[in-house]
Amino acid sequence: MSSYLAVLIFIFAGTGIVLFTFFLARLLRPSNPYPAKTVNYECAEEPIGDSWVMFNPRFYIFALIFVIFDVEAVFLFPWAVAFGQLGLYALVEMVLFILILFFGLFYAWKKGALQWV
Amino acid sequence: MKLLKDIKNLLIGMRITGKHLGRHAITIQYPEERWEMPERSRGIVVLLSDKETGDLNCTGCLLCMKACPSAAIFIDAPRDPETKKRKLLTFTVDNALCCFCGLCEEACNFSAIKMATMYEFSEPEKEGFLWDMKKLQEVGLDVDYIDTRKKKPAKKVPKPATDSGTATDKIVPDTLDSDAKQTPPAPEPDKPKEDGE
Amino acid sequence: MGVIKKLPIYTEKLPGGGLILTSLETVINQAQAKSLWYLLFGTACCAIELMCTGASRYDFDRLGMIFRATPRQADLIIAAGTITKKMAPRLRRLYDQMAEPRRVIAMGGCTIKGGPFYYDSYSVEKGIDHIVPVDMYIPGCPPRPESLLEGCIHLQEKIKKQKLSDWQEK
Amino acid sequence: MTYPLPFGELHGVFGWLYELLESTGLPQPWLDVVRYAALGALVFGVISLLALFLVWWERKIAAHIQQRFGPMRHGWHGWYQTVADAVKLLTKEDILVDTRDKFVFFWAPVICFVAAFLAYVTIPFGEGLIVADLNIGILYIMAITTFTIISLLMAGWGSNNKYALLGGIRSAAQLISYEIPMVASILVVVLFVGSMSMVDIVEAQSGWITNWYVFRVPFGPIAFITYIIAATAEANRTPFDIPEAEQELVAGYNIEYSGMKFAMFFLAEFANGFTVSAIAVTLFFGGWHGPFLPSWVWFLLKTLGVVFLLMLFRWTYPRLRVDQLMEFAWKFLVPVTFANLILAAWMKYAGWYW
Amino acid sequence: MAELRTEEFTVNMGPHHPSTHGVCRLILTLSGEKVIKIVPVIGYLHRALEKICENRTYAQCIPVMDRFEYVTAMSCEYLFSNAAEKLAEIEVPERAEYLRVIMLELNRIASHLIFYGVTAMDIGALTPFLYGLREREGIIDLFEMTCGQRLTYNYIRIGGVSKDIPPQFEPKCRETIKTIREKLNDYEGLLNENPIWLVRNKGIGVLPADLGIAYGVSGPVLRASGVKYDIRKDDPYSIYDRFDFEIPTRENGDCYDRYLLRLDEIKQSLNIVEQALDALPEGDIKAKVSPNFKPPAGEVYARVENSRGELGVYIQSDGGKKPLRVKMRGGSFNQLQVLPEIGTDCLVADLVAIFASLDIILPEVDR
Amino acid sequence: MTFDELKEYISANYPDDMTLLDTGRCEPFYEVKAEKLVAVCKRLRDDEQLKFDYFCNLGGVDTGERMEAVYSLASYSMKLRLDLKVILPHENAEIDSVQEVWPAANWYERELWELYGVNVKNHNNLTRFLLPDDWDQGFPMRKDWDAPDFIRMPEL
């Protein structure tokens, strides 16, 4: 598990380094906030309304489709690693699996879920 | 087939940019290398001096002042009551107003004013652009020009406007006073220039 | 916050503090002078010359100047072109929204004093120094790309001379 | 010692540090902690140097494509231009927008950078020059770089700026869409190697140049091309740079960021660009293998070659529109990559490949 | 999926936005990324040129006209001179007319090169932008050599031109033409058939001919919709009837056609310049016009075809040395009016492409 | 159709509506009564012989004593040019909108209203667009307009 310790330590080290540079910048930079400065930039105009709006749901559908395929990828990785030992059975199995998924993709496609906005 | 054609066209694009990568840059590295300015290039306005005597060529005829479309030239050259000749007192060019059109140069019959090819005159202060006669002459000392005065004798001076002596008073640009200097932004919600939406 | 504002006071008490201060000052000034990212802001004729300056022949990038589209990441506004009364509050807002240290170059006659539109124009702001503090004025209508480059180099020289104790006052 | 030499060929240079560490007599776990922390600092230095170099290089390449010089006035051909940029960004004010979401706004650049940073754990810079040879190496990188999506979305949302929000949402949609063809392209290689470890993948390509997976006709080149397309999108580079499309969204998700926070996004972007190129080299171009020169030099050269390819894309092509981008991913790349994967599996089973 | 609720939101695009070519503000109502409504807000560059012209003499008006449409300043100068000549019935010398045509066409090419670059940049390709400006520099050099300025020339005057061309102009000009012809291949290779460029431009922002006519659209934008209307042919001014050139048209009226049409126009303009150089007669360059030029009382509306459509000026003279009224009209004014019609129901990215392909510049709109 | 033919045609077909002004040296300028404007414009546009479907320009003029609105028209297909002039009183001038004839006139009429203060009736969107939104200094293109920060060109 020693190698995974590296990942853990890298998470802390990375965060620490970033925070340290922020701290360093804080020492060096000027700071002079005033209301006109901290207003949102919107092409040199006053922002119209809030930007946290009910966004078009289409964006989230992509995420849903992605989740399906990502789960597939999780299955595919061990399959790919072990493919050398498994042979034809695994190949047919995986082709079927991918086909089923693609059936879903085509369904989504025909349903218009892949239309952007 | 369309796919192959598309890939071919994408590769053509890469070939063109790749081809340029090998070519030499056309950049003129400004402070070290300079673009050779064409002779007619219109840079800053200067006053020309006589090549022999070193005096200004200007006779104070006010033609350039009248020709200027942005009223950047201000000349004070009142007529001497006895000799009826004009005496040049002040000659001011506001380079902040000048629109570099070259009309003053064309209006001048005495080779007295020229748009020299110089162009490097950035200033940290706004007041620096109001050039008086001395400065204009100084800058124009090295400027080469073709003297056309000898062919055009002085009698061709057009009739000056009678009221020029008084009319000139009001064209002194009036924004050069001290309040032009801007105060730094105060850290408070002041938006004086705000427009109502 | 700006601890750096008080740095001259601290360093005075330290042995060799003056040396630290001056070397820090040099490094910061050099960095700021050599990396002036300008805001993509052009209104009129000068904007075309600004484009030409960025193009191959004059090459702004040579001076380390690249454009940023958002004022948050820009160090310099090159006010290229006439600023009208309608545009003036917007210019001010852009300036306000820039991160300090920020600088302004007034490019061309219109921004210095109104230029050809000084007289008889009911809608031109007569000089952008009424709106924002200006660090460098470049005359011309429009200025040649070389003039702009010269103005920028002049500004860089000016930045290199600034003192740490007052550079964020602007 | 039991663990592999972490510096490979460079052990002669850095080995004394280990001996110093061991001489302190710390217990083994603590020794590991200190060792990895030191490596983390080192990798950070490497990333910073690489990013500084890549920025400078990109500017030079762009300039020369456009027949100009690029940075010229600061050092020899402007070599310390990017250093000046970095120091300047350090001294720039950090603007905190009033209406921001405080937590999200602050942590977005941190996560963005850490995600890019973590990927370097398993990049084999040379023979033995790897921080930790995880046995799921490539899967780990795919998983870790996905964090970038979260950070960009956080940046877009936290800024409370409409352009930033659009940029964040675009980037989320784009990155997740291109994740899938990327994974499918990588799987072709994993299938042949039978291991996900980066070192194993490189070792499998040792020997003559034909062992490189990009030359495993017919599926190798297809996998490489689809990978490089997906990688360009993953690294947010033109023609897929829609999250920060300057002409449409001003600056996209980082519109409200200034100073060091912006620098972190900037750094992460170039670090990601290097990561995807390094993966391409590892998977398809034989990693560190090469004659005469030290292994890490080969690796760097090959990676910079792929980075150069990405740069050439960037300075040649216009930008795709966001919906076309999604369509391209889902309706073209995903089917093609999966078909390629099945083809490769079949070939491997039948043994019909070169 | 339409039944899911989506909130529309309003966003400012401009006045400071990289792709609004100056200081135009578009108030967009978006649903997701789809543009529901566009409200253009202009006036950020309203410099009161018309008022200024009313207080200048005719000769002084010409530098002011330069600033009206600085990308093709020669057209503006020509336009004003032409109108004043019509008012005062001045005969312009032959050579001057030829020189004017050379300058006008060179300026048209320069303007289209800017269009090429800026459009490419708006769609995300940065390199074509610099290539376009690189060739433009060659033309600007010719102008600078002739009249001394790079952008605001003040070259074409009432009654002729201000200066004769220098002797090295002709060889340099021919060389520039040759270079541009060569480089046009690069331009076309970079974008014309590029699949990304095609999907970004084809079928985007279609302007039907009748809509264009209703909104008074002119110039390349209208010709890309299939209306063959060019003032150089249909209401000939100067000596355009002596040259052999074609008016290119396209049918679809989308962004891609507008782009192609402008490249075609560059080629035609190069031909015109070559013909004019070949036929350049000797002689005077300026008719005698008194410095205190006072046209008789009257009024005139003159128009020329510049790279953005019809450029017109209405001058009313009361017989004094200053015009009573100068009203300018630029093609972009109408093209911006039609933008809400053709720009709705597309994505933000398409709007940028449409805006770029209409080749709107704001001084023409705001004056 | 040459200009002379155009003049003849108009004098034959529009005798009551349009009066030829002798100011035009090149293209004919016609005076149209304000109340007849929209009807005349419609006729001109739909006339098979003329087809003035191209609205080039609309400029207001303040001569000091009166207001004028000058419409420049052209035709895409027949290659003709024509200018119409409507003479209005200096104060409280009113004119009918022609945007139902040519939609292009919309912005030109807004400009006429904004800079000259000529009220355009039946206009769908008569709001400020060239001047700042908070402009309160009247109609700046009028000859007698003045403001404190308005600097006139000095008479030289």
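Going in written order, the chains are labelled A, B, C, D, E and F, and every chain counts its residues from 1.
Keep this in mind: a contact is a pair of C-beta atoms (placed from the backbone, for glycine too) under 8 Å apart; a residue touches a chain by one contact, two chains touch by 3 or more.
Because the structure is predicted, anything quoted here is derived from the model rather than measured.
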Where chain C and chain D overlap in contact partners, by chain label: A, B, E
Chains in simultaneous contact with chain D and chain E: A, B, C
Centroid-based (C-alpha) most distant chain relative to chain D: F
Chain pair with more C-beta contacts, B-E versus A-E: B-E
Gap in Å, rounded to a whole number, between the CA centres of chain F and chain E: 24
Mean-CA-position distance for chain D and chain A (Å): 15
Chain A-chain F separation of Cα centroids, rounded to whole Å: 59
Where chain A and chain C are represented by their mean Cα positions, the distance between them in whole Å: 39
Interface hub residues of chain D, defined as touching at least two other chains: 63, 65-69, 72, 90-95, 162-163, 246, 250, 255-256, 259, 315-317, 322-323
Touching two or more other chains - residues of chain B: 10, 13, 16-17, 20, 25-27, 29, 69-71, 99-100, 185, 191, 195, 197
Set of chain A residues in contact with two or more other chains: 26, 28-37, 39, 41-45, 47, 51, 55, 59, 116-117
Chain C-facing residues of chain B, complex: 25-31, 34-35, 43-44, 69-71, 94-100, 119-126, 128-129, 173, 175, 180-185, 191, 193-195
Residues of chain E that touch chain F when the two form their complex: 41-43, 46, 48, 50-51, 55-56, 86-87, 89, 213-216, 218, 227, 229, 234-235, 297-303, 310, 312, 314, 316, 318, 324-325, 327, 329, 333-334, 337, 366
Residues of chain E that touch chain B when the two form their complex: 56, 59-64, 66, 127, 134, 141, 144-149, 152, 154, 162-163, 166, 186, 189-191, 193-196, 291
Sites on chain C touched by chain B in the complex: 56-59, 62, 86, 88-89, 92, 95-96, 109, 112-116, 118-119, 126-127, 129-141, 143-144, 146-147, 149-151, 153-155, 158, 169-170
Chain D contact footprint on chain B (complex, rising order): 10, 13-14, 16-18, 20-21, 23-27, 29
